[in-house]
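Take a look at these structures.
Shared between the two complexes below is subunit A, which pairs with subunit B and subunit C, respectively.
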Partner chain A sequence: MRKLFFYAPLALFLLLALFLLSGLFSDPRERASATLNKSLPAFALADLMQPQHIWTAEQLKGETFLLNVWGTWCPTCNAELGYLTELRQQGVKIVGLYYELPRDPAFDAPFNLQTLQQDVSQKLAQHGDPYQFNILDLQRSLSLDLGVSGAPETFIIDAQGIIRLHHIGDINSQVWRSKLAPSYQQWSQP
Partner chain B sequence: MKRYVIGLLWLMCNTVSAEEVLAFANDAQRELYYQLAAELRCPQCQNQNIADSNAIVAVDMRQKTYQLVQQGQSRQQILQYMINRYGDFVHYQPPLNRVTIWLWLAPLLLLLGLLAVGLYRRRNEAAQTPDNLAGTPDELEQLIEKYRSKKP
Partner chain C sequence: MIVEAGQLALTFAFALAVLLAILPLYGSFVANKPMLLLAKPLAFGQFFFCLLAMLALIYAFRTNDFSVINVAQNSSSTLPWYYQITASFGSHEGSMLLWVLMLAGWTALVAQFSKALPLQLHGRILGILGLINVGFVAFSLIMSNPFERSLPFFPVEGRDLNPLLQDFGMILHPPTLYMGYVGFAVAFAFAIAALMGGRFDSVWARWVRPWALAAWLFLTLGIMLGSWWAYNELGWGGWWFWDPVENASFMPWLAGTALIHSLAVTEKRGTFKSWTVLLALAAFALSLVGAFLVRSGVLVSVHSFATDPGRGLYLLVFLLLVVGGSLLLYGIRMNAVRSQARYQLFSREMMLWGNNIFLLTACLIVFLGTLFPLFHKELGLGTISIGEPFFNQMFYYLTIPFALLLGLAPWVRWKQQQLLPLIKPFSLIAIASLMLALGVMASMQSVQANLGLLGLLLGAWVGISALAEVMLRLRQFGSVSAGISKLNASHYGMTLAHIGFAVLVVGVAMTKTYTVERDVRMQEGDSTSVAGYEFTLTDVYDLNGPNYGGQAAELDVSKDGGYVTHLHAEKRFYRIQRTIMTESAVHARLSRDLYVSLGEELPGNAWALRIQVKPFVRWIWLGGVLMSLGALLALADKRYRRKSSVAKQEVANA
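Up next is the complex of A and B:
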């Protein structure tokens, strides 16, 4: 009994040290997404390049695809365009959800679709265009419903319109191989 | 001089009026909005509530909270709305479940452990003391005798 008391503090200390050590290697941004395994929320948003076309959740069903939340203002998003373009060439369907910044009426120019379209075309010409099309989320309403906390984020959505994976951060070959590809392959099988 | 002071004051008035002012139907709604803005956690800049943070998502969440409050939704409904999108993570008061129960149990267990150790030691001491003290008067006498005899 006496020995037990003698070693108890040491054991407690070791446990605490282990716990804190594991904290060093964990990513605080990594957390279970609340929208996982739920249907894509209902929305009606205009296409970025052909604004007369309105996309809805229903229209996106039928094929597993990547929904990539991005913006030209976001450097990490621009950096991943190149790799995403490679993925598109390998046959991965990628849809862009354009995450527009809020505007402060005191400082920013009012929203102008043409300027944005030019900006996007220029960025895509420069880094590569991975997108089948882009949906413009001007008020970030779909992004809020999806639980997006910033850009870039990527969702894998299956043919039935169910969200199967929610990735926060950029996509590169390593992340794709270890995290996204297995899920994409699993859900794109007929 | 007077003109400068007035000019300065005028500038200060302007900065105050540039702040965000939200209109509420009644004080209860205002109270609820401020309470929620303080309790909801920004998913982007972690460890800040949405009232403190100016991240885009925090601005959007504030706006959404304001809308929902104005629609007359209850505190629980608005919290559930946010939790449905951002998970339990988004609320600073974690719910009681299998994982979070330890937040309450761990300190309690530590306290109980401490109490057990304290009781154990006290009982041991109590058990030992009478034996030790039993011989003491005699021993003391002997010691006193010994030192007395040493003295010249």
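Up next is the complex of A and C:
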């Protein structure tokens, strides 16, 4: 028994090495999404361009679509607008979730919807407009519920309103082909 | 040309390392004296060629040779000359070469300063160090060659050094830290040699002690410098972040601290042998695990180098061979070793055993906290993260009993100690620390029962007890003045290091409790008051540095109407890397730091500023400096330089 005791450090080390080996082949930045395969959280948020219209989770059901979290302040989001517009032309339904940055009352100018609308229109005219419509997440409540860690992020939501995929980072032709398109096609089958 | 010469030198170093790994080791088993005698020149030769390689790389950086990929990616012609030199170890490849150079340096030092060792052991230790050298030089040559060229097409300008690394700390922090990491290779080699030969007595422990102390000294300094650098450079006044890579340096430090204490028991009492050997293996193994974590990309950290699974795999295989092999040897050989020393429950041995338990628990906590997210994920349980609150709470619970024990332990005798004679001095120490802690607190602010008070109490307890213990020892020589020169240097070293710990505890607790932080919006001429200090923004203007632009802010600070200091904070924009860096303005005093960092420009000609008053924050690094000085004093102890009788005999026989 005493003899075996001296082999304990070796055994523990080998166990550690096993974990390190498997860790070597997985991406440390990958995060499991907590919202996957769950319904879109309930919300009631205004449309960015027609603020009198209020969108709810219920209204988005019926068709598989991409929910793209973005903002004009985010250069990567602007960069992917062009490719997303191509996708829209191919018939992919994309809804924008506009992520407004938090404002510090001591430092920043107060929020102005008109300025934002102008800003957004200008950006979309410049890079292409992939969106059916944009939902304004002014308090970032829906983004928080969705587990958004930054922009751009994209969710695939099926006709029943269930989140099927959570993609962190930009979408380009390669990412679309290898990751998003298979899932989109799978869930848009009737 | 010079760059190719550097590549060639590194190849020569590899060849010599291979010879060093084979000849003396083989010679030690067949008792071949010429082979054993080769160890020393081989070690020197290897160090010489590693040094040439490093110099060639520095040359490439200084001459802006952008055909070398490493130079093109980490330097630029506008970089100041001192950062061009430090940029040579700013990348993964360059830092690996520095690591190799340090390892070769330690090997050469062992070759030079271990004349007292029996020849067989000397050759064996150098041979083991040679084996480790082979692994790292090969890694540098094959997996991360710092001399790789991008001919025929190369850029005309480099991408510049990461602005975070363009700081005075960069000059000092990596070399000292690596000296520490790699230094534990020596204690490791001694442990392996002892496992091979089956000899772990007091003499062996006396041989290892200075090497372990030296490595620990560098690691302590290195970690402390890193903390000080982060405080100055990152701009929000933190000094420790529990980042995976910081933890990777903290684990070998904890194991190393346990090792130097356990070695004391093995030297003085010839016991704790299996512990000591295991700790010597563990300190270096944790250094290697740290290197793996930083360079393989298994964990996400601000410190990580660019990741490459090939490199990770190489390091993992190397780790398996070195650590797995040594632990296997440990398992096979250690059960033959028996410790026969007897000691009572209340004895110095038990106190140091307690020290080891606490330090290893701390090490385990850091280990689990760092790697648990990885385990969790690889077991398919999903992603989690473990952050500062976990570590802070755990270390809060650990530090209290550890500090109490630390105050008591130096007073306790070896073998056994009567409780009764200690009651009186310790009652006095307890009363004195209570008075000191309350006094300090009352002089600064109102007395409150909080973390600050606890830190002051523990610090005073450890500090007063350490000082009183030295006085007691001095008096035992007859008179204090007569004793001063008679007491061992290592005893002074221990006392100084323990006082360093006390200072550190006070610093951490007071900073945590009493830091005042304010984010303010200021225009030129505005004043704001933080913790009794009046900060006035006098001027903001554009900067024009060699490779950066940006803004600088000038502030005047006064307290109760009296002028205190002038502060100069910068916000730099590095043109090539297009990154913004904060150069905080710090006014340091022993009792507090004034810390200002310049933020964004705001509408209306105003600026965001973060102003902090951090009491006792200097004590954190002062504690680290005192601990390192303690180790230096202990190293100066004469008994490590006395020739052992074994070596004398061998000389006589020769």
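Definition applied: the second predicted complex is superposed on the first by the 163 of 190 C-alpha atoms of A that agree within 3 Å, B and C clash if a C-alpha of one lies under 4 Å from a C-alpha of the other, contacts with A are read in each partner's own complex, and residues count from 1 in each chain.
Going forward, a contact is a pair of C-beta atoms (placed from the backbone, for glycine too) under 8 Å apart; a residue touches a chain by one contact, two chains touch by 3 or more.
Please read these numbers as outputs of a predicted model, since none were measured by experiment.
Q: Going by the contact rule set out at the top, does A:Ala125 touch subunit B (first), subunit C (second), both, or neither?
A: neither
Q: Would you sort A:Phe19 into first (subunit B), second (subunit C), both or neither based on which partner it touches?
A: Only subunit C; A:Phe19 stays clear of subunit B.
Q: Taking the superposition as given, does A:Lys3 touch the first partner, subunit B, the second, subunit C, both, or neither?
A: Second partner only, subunit C.
Q: Looking at subunit A, does subunit C or subunit B touch more of its residues?
A: C
Q: Between subunit B (first) and subunit C (second), which, if any, makes contact with A:Ala109: first, second, both or neither?
A: The second partner, subunit C, only.
Q: Which parts of subunit A are touched by subunit B and by subunit C alike?
A: Touching subunit B in the first complex and subunit C in the second, residues 5, 28-29, 31-32, 106 of subunit A appear in both lists.
Q: Looking at the complex, which residues from subunit A come into contact with subunit C?
A: 2-3, 5-7, 9-10, 13-14, 16-17, 19-26, 28-32, 106-109
Q: Quick check on the complex: what are the subunit B residues that touch subunit A?
A: 18, 43-44, 46, 55-57, 59-61, 64, 83-87, 89, 117, 120
Q: Spell out the part of subunit A that touches subunit B in their complex, as residue ranges.
A: 1, 5, 28-29, 31-35, 101-102, 106, 140, 143-150
Q: In the complex of these two chains, what residues of subunit C are touching subunit A?
A: 274, 278, 281-282, 285, 289, 292, 296-300, 309, 312-313, 316, 319-320, 323-324, 327-328, 330-331, 334-335, 371, 374-375, 377-378, 382-383, 519, 521, 600, 602-603, 608
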